[in-house]
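Here it is, the structure in full.
Each chain carries a letter (A, B, C and D) given by its place in the written order, and its residues are counted from 1.
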Amino acid sequence: MTLSSFGAPFLPEIVLLAAVLLIFLLDVLKVRRIELTGGIAVAATLFALGLIVADLGFAPLAFLSSIPSSQIDQLPAVGAAPLYAFTSLGLVFQAIFLLAAFFVCLASTSRPSDERGSPIFYGLLLLATIGMLLVAIASDLIFLLLAIEVTSIASYLLVAYTRKDVRGLEAAMKFFVIGALSTVLSFFGASLLFGAYGTTNLYLIREAGAAVGYPILVLLGYGFLIAGLAFKVTLVPFHAWAVDVYDGAPDDVSAFLAGGTKKIGVFAFFLVFLGPVLVVGTVGQSGYGLFGGSVALGPSFQIALGAIAVLTMTVGNVLALLQKEMKRMLAYSSISQAGYMLIGIAIGSAPALGGATLQVFAHVLMKTGAFLVVGAVAALGVGPLIEDWRGLGLRRPLLGTSFALMLLSLAGVPLTIGFVSKFVLFSAAVQAQGWFIWLAVAGLLNSALSVFYYARVLKVMFFDAPPVPSSPATTGVMGAAGPPVLPVGGLGYGRAATIAVIAAIIVAFGIYPQPVLGAIQAAAYHFVTVGA
Amino acid sequence: MTELALTGFLGLSAGLFGIGIFGILTRRNFILLLISIEIAMNAAILNFVYFAAFPSGTSGLSGQSIAVVLIGFAATEVAVGLAIVLALNRLKGTINVARANDLKL
Amino acid sequence: MLPLLSIILATLLVGTVGTFLSGTKARWVALATSAVFLAEVGLLFMSYPGWPGYSGSLVPGFSDTETYTWISLAWMHVNYSVGVDGISLIFILLTAILQIATVVYSWGETQRPAGYFGLVLLTCLGCFGVFVALDILLFFLFWEAVLVPMFFLIGYWGGPNRRYAAIKFFVYTHVASIVMLVGLLALVFYSGATSFDFTAVYAAAHGMAPVVQTFLFLALFFGFAVKFPIVPFHTWLPDAHVEAPTGGSVLLAGLLLKLGGYGLIRWAVEVLPNGFHSAQPLLFVIAFLTIIWGSVLSLAQRDIKRMVAYSSINHMGIVLLAIALDSSLGLLAAVLLMFAHGVVSALLFMASGSVHHQYGTRDIASLGGITPSAPGLATMIMAGSLASLGLPALIGFPAEFTAFLATWDALGYWVLIPLAVLVVTAGFYLWMMQRMLFGLPKGVPEHAHDIPWYEGAGMGLLVALTILFGILPSLLVNVIVNSPIKGWPGT
Amino acid sequence: MILGVLIALGEMWSPGSYTNVQFTWLHLAPAPGPFPNGLSLVMGTLVDPLSSLMLVVVTVVGFLVMLYSIGYMHHDHGLPRYYAELSLFLASMTGLVLANNLLEFFLFWELVGVCSYFLIGFYYEKPSAASAAKEAFLVTRVGDVLFLAGIFILFSTYSLAGPVGSGGWAANGFVFVQGSTAVPFLATAMGGHTTLLTVAGLLILGGAAGKSAQFPLHVWLPDAMEGPTTVSALIHAATMVAAGVYLLAITSVFIGFTPADQLAIVAIGGFTTFFAATMAVVHPDIKRVIAYSTISQLGYMVLAIGAGFAMVGLYHLFTHAFFKALLFLAAGSVIHAVGTQDLFKMGGLKKHMRVTAAAFAIGGLALAGIPPFAGFWSKDDVLSAVYSQLGSHPLYWPFFLLAFAAVFLTAYYIFRAWFLAFSGETTRDPTLPAAHEGPWVMQVPLVILSGFAVVAGLFVFLPGFQSLLLGGAGVAGIPPTYGTTDLLLSSVSVGLGLGGVGLAWSMWGNGRVYALAETSPVQAVRRLLLNRYYFKVGYDWIGLKGVYTISRAADFFDRFVIDGTIRGLQRMFAFASNRARALQSGFVSDYAAYVVAGLLGLFVLLLIVGPYLLGRLGGG
């Protein structure tokens, strides 16, 4: 018998919530050993992940499946206005989110075991994860935005959870201000749409389609909404906060923000512009041109998104070129990566959607991994500048190799997942033909541009001579005297395992992507065609 | 209600929103910043209320209920914001956001 | 029938990994791998028509093909699909030869030998893959996979300015391959073939509108032209060569440049005939430009490596010309030329590498009369130069003869341009020899000795092949002309 | 050698051509294009009158020179290299002679070129030798390139020529086909194509001129004297330089020249005879004097072939090979003895070196064309051959006369050399070592060659040899006939020859030295001649300075313009990146401003740009 007979489609969220409560309870009881709290978090995310994967139809775990397949990828009854709906693509995204959360939880168990803030860290992290999971099943604009806010508020606090670190607090402050501003924008846009359609339910909005009283309200509303969501996805020019935040936040938190939370914005874009709530293409037979005449709204959304995508990729890369700090360089590169995902949204075909989703998956692996490596290296006592990494690749071959793998994957070098995702994405762009091929060209040229700074890091890590051991940057590193050296050459089991696993996945799916790619494409296909 | 009234209401909320945005752009004091954000937020909430006043055949969340929810949400947001600024104030001794710019370039 | 190609790939893969892991014993592992590789290539030839001792009838199309599904979606299908024809066989043979020659030549490498030999093998692996790939993604994959090891070879084992050269090389070629990738994708999706397999694309592409074909051809051509390299996209080559370690230069000139020519033949000229024809005039202009430019510039170089590098540009220009002729003879000539240039330029780069090891400089003007102290080295340089300037009974001659004969047939008196350039080519080689080998000893240290045995062995192998195939070019030609192209028997 | 002579003898008994087995060197299956029946390039051998004649020369002289070298070179180092290269040369030369198609011919042609390169540079420590070797290779290379172009034209123009059903010339490997009658094969085979045929002929003439040092590609041969004298004797007098003449011969026999070509050939040959002779008149270096005379004599052969009598040209080649080798070896033994090449330092050597003196004198007489020595017969045939063709084109006249004038000069300069070296009482430069004869290995070849120099011309009267000459397909050999015109011609030329000798005796005999007044206007001419009409200077200027300057300029362009643009692009990105980073000011208010600006930008996109583009593109 399967769990679904209990009719518990929200089991993953419930599990995480339970874990949160348990952790805080233990905190109250002054039980703060990181092995324990972290263990709980790891177990919870892992179990939730298992549930989701089961729901996705992964046979070996079928006994775990909690959502009856009859509820997946179904349109609601006519006139019904559900707050949530299960789509297979949503489940894929939930899996991806949980994966990110799981990696971060696992890796962060390697922090000093007596750290006081650990319960808060794990609690907030799981809370944010719950919000992300809710985003993935939303089907109502307000529900969606509130779910996003759950994540946002949790992550504001997460950035500042140490409460002692000025940089962290400054980052949190900036994060909060810009975040609140974008929230306002999103809600204002939602209110305009509510005015235009008389409802916030995405299904009903799609049914209403072009039959609206005030198309200008639709345009403005979506304009505000794009601006609001763009904050999450860190699209230029709504990106400025991200660099400072990723830089200022604790490494593990940066990993979670860059690898995890920003992806909910991507799925929000999917919901608002594609899929069951397909606005692109349905609105617009009779649109409203500013200079009179009728204009298809959908295509002009596509043009706008395409423009933002190109802008985002270019600015992100150009700014990353000369960065001296490793974390800021990674932050900029993650901004440019967001541009690639937006390409998929701008195109809006099933292949493109699948490509973007694969890009999200790849990015979760690469960025989470990269930031975790940064954290690990920092824990070894190496400074924040790229220069400080001189010769690291030769002194720590395995660590260096896995980081090199992540960078190469970010640069889109073959035999890595990063190459596959870009390849599929750009194939989709070319396949869509029309002017989208220029998106592919722009994206590819950008990835060429990005090679500059990734290659620079590789050069520093592998070609340059290591700094003289006496310099402060390296005292206590590399097994010399210094802070208590953790197992696995100062990395700790959790981090070492996570990094190794991520590197392995990057290569494995880079060589044979069919399993994940097939599932994602199928889900994307359902997502755009269901009910249409 | 008439179209005219609606445009008037819309004008009001647009004005509120504009004031809020202007405040966000110009204020350096974190508290004033928070207040400006709330003003702009209220513009959105007001919108929901007016549009709810329109008779529309569609179902789903009603404007009023959304408004109520959003008011509650705004409160939480402010709470979090204050928490952050308190901690910041404890460390830097100021709530001037312009003074917190160590992270740049 | 064994999946020979996959076996070879596996051999190289295992050998590479083994070399990386085998520390100071790396050179032995590398040597063993190369030997096995060579033997397997021999088997491959035995099973191909046109090779003496082949006792089967001629099978049209590609032979030794294997196809397994790799990525299969509703809208795109990618296969692991490999196969060879006469043309690719020639290049595979070149790969095997250069690999073993390089390994032997670099026997004395002391700086992180494991990494060095591993990267050498990895480069050869990539090139082999490019030559056998019959699927666009697979092709592109190996194509890109070649860059990385070469990047590290230049960047770690290279000369004083190696970092700049390495990054320049990587970015240059990477940009090119990106444009090429767009072209390849468009090739698939505009032709309506959802499959990336060569045969499918080949079949579908012919139906495309000439305009589209032209654009696609130009995109692909740009990608290949940078690898060639073609003026004005050539400036990465001299820097890369000058900075690269000898082994790196050898593979760079011997194999990487050939990727461009092979790609052009296999993926552009054959697949997009209309685009090719409309682009022909452009190709001719570029080819002549490259021929003249390369040879005139090599005359100006003081660094012998730079000189050889520019002469490579000149030779590859002739290759482009031969391909652009779109005649059966021209194609034969192009393939022969690339094989010849592969062997000869490898030989010359090894020789200049030895010069550097022996005398600490590669500056032609500051050396002189090295023959008495190092007759072996002098002989190698002389052999390489004579072969490179197209002396009969050495491998360069049949290639250039056929090339120019084809040029005359297609273009008439234009052939006088490359012929005149031949004189210049002879000029700078002879001048180099006069200044460096002859005359009174200059820049030669006391008790200067000849090159070590392994360097001699590496070069000797190449010299032997130069002579063998120069006297019996039919060994190669009979294999080449059994390819399924240009109405040759293999069709 | 023995084998070579046997083949030649066999050829004498039964004229005709034997082609034995050949192997395919490169084969291209039939395919659309210029070679519809396919193309094959083969290596084979063809023995016919021409080749057998050359074979005799190559083998005999080769053997004698080898013999001579044992003595001459014994105190040089690097002897293994010397003999290896010499043997390689002989092998290649034999291959060239026996080649049965133009490609194979070209192959060996290049190989002998390389051997000559190596051998000229045998004393590679001497910069002058290394430079001379390079020069020789380069100048001949120019000729080779022209020759190659000629081959291309012939091959593709006549790819289908040949007996019907045979698949055509290309399919059969372009082997030489004997014209059935006195008409060359290809000229008739395709009928038209005369323009192309003319061009091809001129290009081949260019090749021959390069190899045989004809004007204007003559500069390399005098410098080639940097090599050992034996090499000069074998390669640069008897065999390799003659290869050009041989090429013209087989071309005229098997392929055929158009009248325009013939005129060009006559012009080149006739002019060169005189041109080279003038330079020999004043030169102080004994070897170079002989070298110039070689150029001039080659001119005679070319002249004959141009006039349409290939066998006559070869006949002169045959005799010339012997007496010119003789002269060189004699000069060699002189140099061996006194260790200098400067005629003005020698003198009075005949007392110490009777054999050499006699040999040199015999060679000189032969060269000067004094009967009954070898040179007389063949040169006389050449002249009468040209004379018989004077009617075919008025322009033949001047070159005919130049050739006649050259006879006089020849006789003069060679005996000037003889008197300067051998006559008189003692050496002018007392520092020279006491002269002595070389060992027997050096004297025997001198004697043998002297014998040839005397009798070689008379071979014509052997029936076998005569048939050999007559058997040369496609052309009529000219055996000496004593018709009135020829008698006249012969007497005139002999007269000129004697005159030259006489002049030489009057100026230089008995050790006299004729010093030209510094002020006399003739000095200008002398300087002009000594500087070889400034040809070498000019070539160096064009070839080295000119091209090198251009290439330097191109190099500059390459480094700074082409590569510079790329680096400029890189810098541009760096600059942009640097500037853009300033936007990341760290002030949260700025970030908020960006957000609002972005919002406005979005509205512009959605409300203005989007509709506009859609209007242009007509929908997404």
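Assume a residue touches a chain if its C-beta (ideal position, glycine included) is under 8 Å from a C-beta of that chain, and two chains touch if they have at least 3 such contacts.
Computed from a predicted model, the values in this text were never measured in an experiment.
Geometrically, the chain at the heart of the complex, using CA-atom means, is C.
A separation of 26 Å divides the Cα centre of chain A from that of chain B. Chain C and chain D, compared by their mean Cα positions, are separated by 36 Å. The geometric centre of chain B is 66 Å away from that of chain C, both derived from CA atoms.
Here the CA centre of chain A is 43 Å from the CA centre of chain C.
Along chain A, residues 173-174, 177, 181, 243-244, 452 each make contact with two or more other chains. Residues of chain B in contact with two or more other chains: 24, 97, 100-105.
Residue positions of chain D with contacts to 2 or more other chains are 581, 584, 586, 588, 592. If you check each pair of chains against the touch rule, the ones that pass are A-B, A-C, A-D, B-D, C-D. Here chain B touches chain D in the complex through residues 21, 24-28, 97-98, 100-105, going by the rule given at the top. Interface residues of chain C, counted against chain D in their complex, comprise 172, 231-232, 234-235, 293, 296-297, 299-301, 327-329, 332, 369, 371-372, 386, 391-393, 397-398, 401-402, 404-405, 408-409, 415-416, 419-420, 422-424, 426-427, 430-431, 433-434, 437-440, 472-474, 477-478, 481, 486-489. In the complex of the two chains, the chain D residues touching chain B come out as 581-582, 584-589, 592-593, 596. Note for the complex: chain C touches chain A at residues 70-76, 137, 140-141, 144-145, 148, 151-152, 155-156, 162-163, 166-167, 170-171, 174-175, 178-179, 181-182, 185-186, 188-190. The residues of chain A lying in touch with chain D in their complex are 173-174, 177-178, 181-182, 185, 219-220, 222-224, 226-227, 230-231, 236-238, 240-241, 243-244, 289-291, 293, 295-296, 298-304, 307-308, 315, 318-322, 434-435, 449, 452.
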